[in-house]
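Okay, got some structures for you below.
What follows is a pair of complexes built around subunit A, which joins subunit B in one and subunit C in the other.
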Partner chain A sequence: MEFGPHLILAILEGLVQASVLTLTALGLSLVFGVMRVVNVAHGEFFMLGAVFAYGVANSIGGAPVVGFVAALIVAPLLVGVLAAAADWLILRRLDHDPERTIVATIGMLYVIQQITLMTYGPDAHPVTPPFNQRIAIPWFEFTDKGLEFYFPWGLSTTSYKLFVVAAAIVAGLGVWLLMARSRLGLILRATQLDRETALAFGIPVQRVYALTFGFGAALAALGAVLVVPIQQAHYLMGGDPLLLSFIVVIIGGLGSLRGTVLAAILIGMSNGIISVFFSPTLAKILATLLVAMVLVYRPQGLFGKKPA
Partner chain B sequence: MKPEKRDNVIASRRKVLKGMAAIGAASTMPGLVPFAQAATDQPIRIGFQVHRTGIGAAYGRWYERTTNAVAKYINDNGGINGRPVEIIAEDDGTDPKRGAEVVEKFATQHKADIAFGTLFSHVVIGSAPRAGELKIPYFVVSEGHHVASGMLNRWTLQPGITDVKSQVQAMAPFVAANLGKKVTMIFPDFAFGHDHRDYFSAAIEKQGGNVIAKIAIPPTETSFTKYFAKIPRDTEVLYHVMVGPSVLTFVKEMGEFFGPSRPEIFGFIDSLEAVDLKTPGLEFLEGTYFWEGNPRYAQKNQTEYDRFYRAAVGVDDNGASIDDPRDVSTYAHMWGCWETLNVVKAGMEAANYRGPGDRAALIEAVEAMTDMAEGRDHPQGAKIFNGRTHQVFGHQYISRVNGGRLEVVHRTSIEDTFYPDEVDYTKMSF
Partner chain C sequence: MMLEVRHISAGYGKVQVLHDLSLGVKAGEILCLLGRNGAGKTTLLKTIMGLVRARSGEILLEGVPLNDLPAYKVPRQGVGYIPQGRRLFAELTVAENLQVGLMTRGQGDEVLEHVLTMFPRLRERMDQRAETLSGGEQQMLATARALCLRPRVLLLDEPTEGLQPSMIAMIRAAVVELRAQGVAIILVEQRVEAVLEVADRVIFIENGRNALEATPDDLRANESLVHRYVGV
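Let's look at the complex of A and B:
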């Protein structure tokens, strides 16, 4: 492909990736910020979101759009409830101790993955997108007749991919509104700032933790529901989102939502662009290198606060 | 949690561990593991290495159904040397390391007579050395060129499915004559895909064509548009072969990428094995061509052997499960399990096989085979086995998508698939 159309295609691919990554990483960052829990099972909650989406969309039948909308509501809700229950049953009993919760969430990772394998099975299943028109994108060139528009070979996206980007922006704004403008957000931020004082002011910290853990997992699940009509639901699909979310959260600064969003866009876009122009392996190498650089020169992340 | 309570937990866990260790040690002692005496009424034990999980799961499901069906077929017809066949299936997770362990389990724990059934080439390459060390015949159903290339050992044979080198060599003349000469290849980035890359490139050059771009994709990849952007504009033929859980996404995104202006497309059906051709998003495949190891859709000139085999493995005329039309089979590959076990039967009967002591004789008996006639034992067609390279050769099919069905347009001769020997395993010691 020529450079111009090639670049546009790379940006479009990067945008879709960045959108899903933003939601997933926001969930991970929120859980760490409020609870100081490194949730290694985060990728599995992503996977559960996709698998539940398949289950819901398939059991409802009818027009694809009905099943998809139902999945969009039910799957994140189910995953959120499951995660909140896991917090209540497991992490709470470990006093949310940072080291022990890592081990516990590793255990959750395997339990969730294997139960999915035993019930849902080893096959990948698609969810039919609610709509999916190919949209050819025009490009311009200067000829002796002046500026001319044409449709380059291969330069296209689909209406559904654009919808994913829009939906992620809306969901991201929703999270920001919730955190910055609502009473619940105030409680979350208070717990994040100082758990002891929040407790002293009568905030039920344990319940806030369960809620946060559930909400973080639901965000990952929402990202997965959005992506499952493009990719497919598979029991091993949680690995990549987990790795990328960690990369994003480390670069953005653990616990900083603004940093997480910016880092997700940075990593998603650069991943898309580098993958298209060079190779996906190089994109992963560069992202990991960036993590190493951030850890060495700015351990608190690009937007994290320095520990006092 | 109180400290003394925690101590109790640890103490009891130690006890549990000790107990487990004791049980583990006891179970490795001879005599406790069930042992099949080589008495004449004892079953022949076939260790079946199956991809139940991991990236090969869709193939594994159908390899298992086919294997169970052929075991029933053999048993219904008197078994092997009058002894029934028993399938001992173990999941290898489509993982080479686990594959070697599974082969070891067959040889030492299950006391299986042979190991059999592996598909994915990296698992075969990882497992075959262990089979050689343990001196257990290892009958693979893999398509990889690794057997005939001489990379493996005398204990590893592929008598029931043809290899990639012979397949692509037979495809190249058709591609060059009917579709175009400037080819871009897309293939999975592991041994199987590399066989495609190396041998098809060589074969198309012999036809006066050339490969203008080679695009490798990891089999675990989930999004593909970024790779399609690397396809050169002057591509006349896109050659695709893909495996893994995301094959449907792969083909769908290919259609979205090209839109109305696609080049000629020639694919290996691997890219759509176990996937319904009528899935929304695959309409663009109409008029494109596929290699098939065995035609998925029952053809007008269907043989009585294919009809018999199709019914035995529970597949309808569209290549899907009789019980569930959405459960599409891996019809182009799984016949290899059926034919391989029939070769094992013929080999064991020729060697008058009694037990693991006759394993070398079994290998020699199979090496001595040449012509295999089309029939119920070989429903895909006649074959010619090359005992020196441990590889079988057979007909290949090229099908065109017509109205969402694959119609066979060309069937190669067996001779089209021949190439000079690269190894003589019969000269190696056991």
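Let's look at the complex of A and C:
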């Protein structure tokens, strides 16, 4: 295949990665932004989303679309409730202290991982996509007869991958609407800006924190449900999303949702494109180098604010 | 008494700041707290708000204990707080800051309209981020935000700090109007002349304890009192 069609394919793969990464990183960024908690267990909530999706889709049976829609609703909800409970039972008792919560979420990471291994097992399991039609992508060339379109061999995507991109856009817009236009969003932003003053204006900060932790985890789980028909659910699958989410949040600026979305698109796309043309390892090396450069030259991230 | 503080002790970690401190304020009264830096005035206001937990003693709002409540429920009882340094939600707009105040006790547009009538300049700045306002406008917003919850008791921590005289006059007029509406006011001030202009009673706090209670007339008659307890 020529370079042009190859690039289109790489961009499409990158878009899918960027979509899932945007949702996962938004969850991590929201938790850090509002609560100042670095959630090291975030990748495990992603993994739980995938595992629950497998469980729900398998237990319902019938047409794949029914199981998938059920998983899309139930898995993020279950993960969100679990995470909110973990916040209430563990992080609240540490008064959401930034340092002690890092240790606590490392503990949560191992507990979730090991419980999943004991119950779900070490094998990877697929979830059947609700639809998966192949969509051939046209390319063009200039011939003696002028501009001609044709379908190069191998240049295709699937309807499900396009659905993942569309679903992530809808979910991202939903998060933006929630944060910018709703009463709950105002409460979250006020709490993020000044916890003590929020309390002095009747905002139940501890409940807001539990809700935020749950919502952040549910976003990661939603990303996992979307990706599990492409990737398969496995108890060790949380590592990569965690690493990439941290990379995205550092580049975008800690706590900046706009920066998170743009950095997720940048990292997801470059990851996809470099993986197709070179290797996934090189993609990760370059992303890590980019993080190092951001930390050296702009430690607050591309869209973060310098601490006063 | 609208608000009564009885034998309160409070502090941060191992450091005890307030020692067996008591005071009360009636509806339609301005009680001013004077004292040197570090005397415990701000800690007292924070303890009333539940932001610092009282170790012993009682805080009563019309006889109902406040210090058993979680901090977020204190403002919902009608206790408004204007913290030192204003503590606005800097990245929120003026309208959003006021909305947070309105949400505290579920107040609506009627209260917002009343507050904007008191501070008409804010009406022109509704879509502006709080951090872009001038110092005086920020103080107006901090006051307006607290008034949005229609307080029965209002705690003000150095509201005129760093303001130009015209702004100070506006804040003072607002405080006097609130007193006329029956709000009980506790005002922490460093500027003694500002205290003398508006206070009904003055309590000096020294090392977290009540040192002396006086009227503005007592202070005018005996300036050495101010010098002794405030150091000016």
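As a working rule, the second predicted complex is superposed on the first by the 308 of 308 C-alpha atoms of A that agree within 3 Å, B and C clash if a C-alpha of one lies under 4 Å from a C-alpha of the other, contacts with A are read in each partner's own complex, and residues count from 1 in each chain.
To be clear about the criterion, contacts are C-beta pairs under 8 Å (C-beta built on N, C-alpha and C of every residue); 3 or more make two chains touch, one makes a residue touch a chain.
Given the structure is predicted, the values throughout are model-derived calculations rather than measurements.
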Inset, instruction - Give one word, clash or fit, describing how subunit B and subunit C relate on subunit A after superposing. - result: fit
Inset, instruction - Name the contact category of A:I230: first (subunit B only), second (subunit C only), both, or neither. - result: first
Legend entry - Partner chain in contact with A:S275 - subunit B first, subunit C second, else both or neither: first
Inset, instruction - Examine A:I102 and indicate which partner it touches, taking first as subunit B and second as subunit C; both and neither are also allowed. - result: neither
Inset, instruction - Could you look at A:P122 and tell me whether it touches subunit B, subunit C, both or neither (first, second, both, neither)? - result: first
Inset, instruction - For A:I90, select first, second, both or neither according to whether it touches subunit B, subunit C, the two together, or no partner. - result: neither
Inset, instruction - Could you read off the angle at the CA centre of subunit A, spanning the centres of subunit B and subunit C, to the nearest 10°? - result: 140
Inset, instruction - Using the superposition on chain A described above, determine whether A:I60 touches subunit B (first), subunit C (second), both, or neither. - result: neither
Inset, instruction - Going by the touch definition up top, name the partner, subunit B or subunit C, that contacts more of subunit A. - result: B
Inset, instruction - Minimum C-alpha distance between subunit B and subunit C after superposition, to be given in whole Å. - result: 9
Legend entry - Overlap of the subunit B and subunit C footprints on subunit A, listed as residue numbers: none
Inset, instruction - Within their complex, state which residues of subunit A touch subunit B. - result: 1, 6, 9-10, 13, 17, 93, 117, 121-124, 126, 128, 132, 134, 136, 153-154, 156, 158, 230-232, 234, 236-237, 240, 272, 275-276, 280
Legend entry - Residue numbers on subunit A that touch subunit C, as the complex places them: 183, 186-187, 189-190, 193-194, 196-205
Inset, instruction - Using the touch rule from the top, collect the residues of subunit B that touch subunit A in their complex. - result: 1, 52-54, 57-58, 60-61, 218, 220-223, 225-226, 228-229, 231, 233, 245-246, 248-249, 256-259, 261, 274, 279-281
Inset, instruction - Quick one: which bits of subunit C touch subunit A in the complex? Just the residue numbers, please. - result: 49-51, 70-76, 81, 83, 87-92, 96, 99-101, 103-105, 145, 149
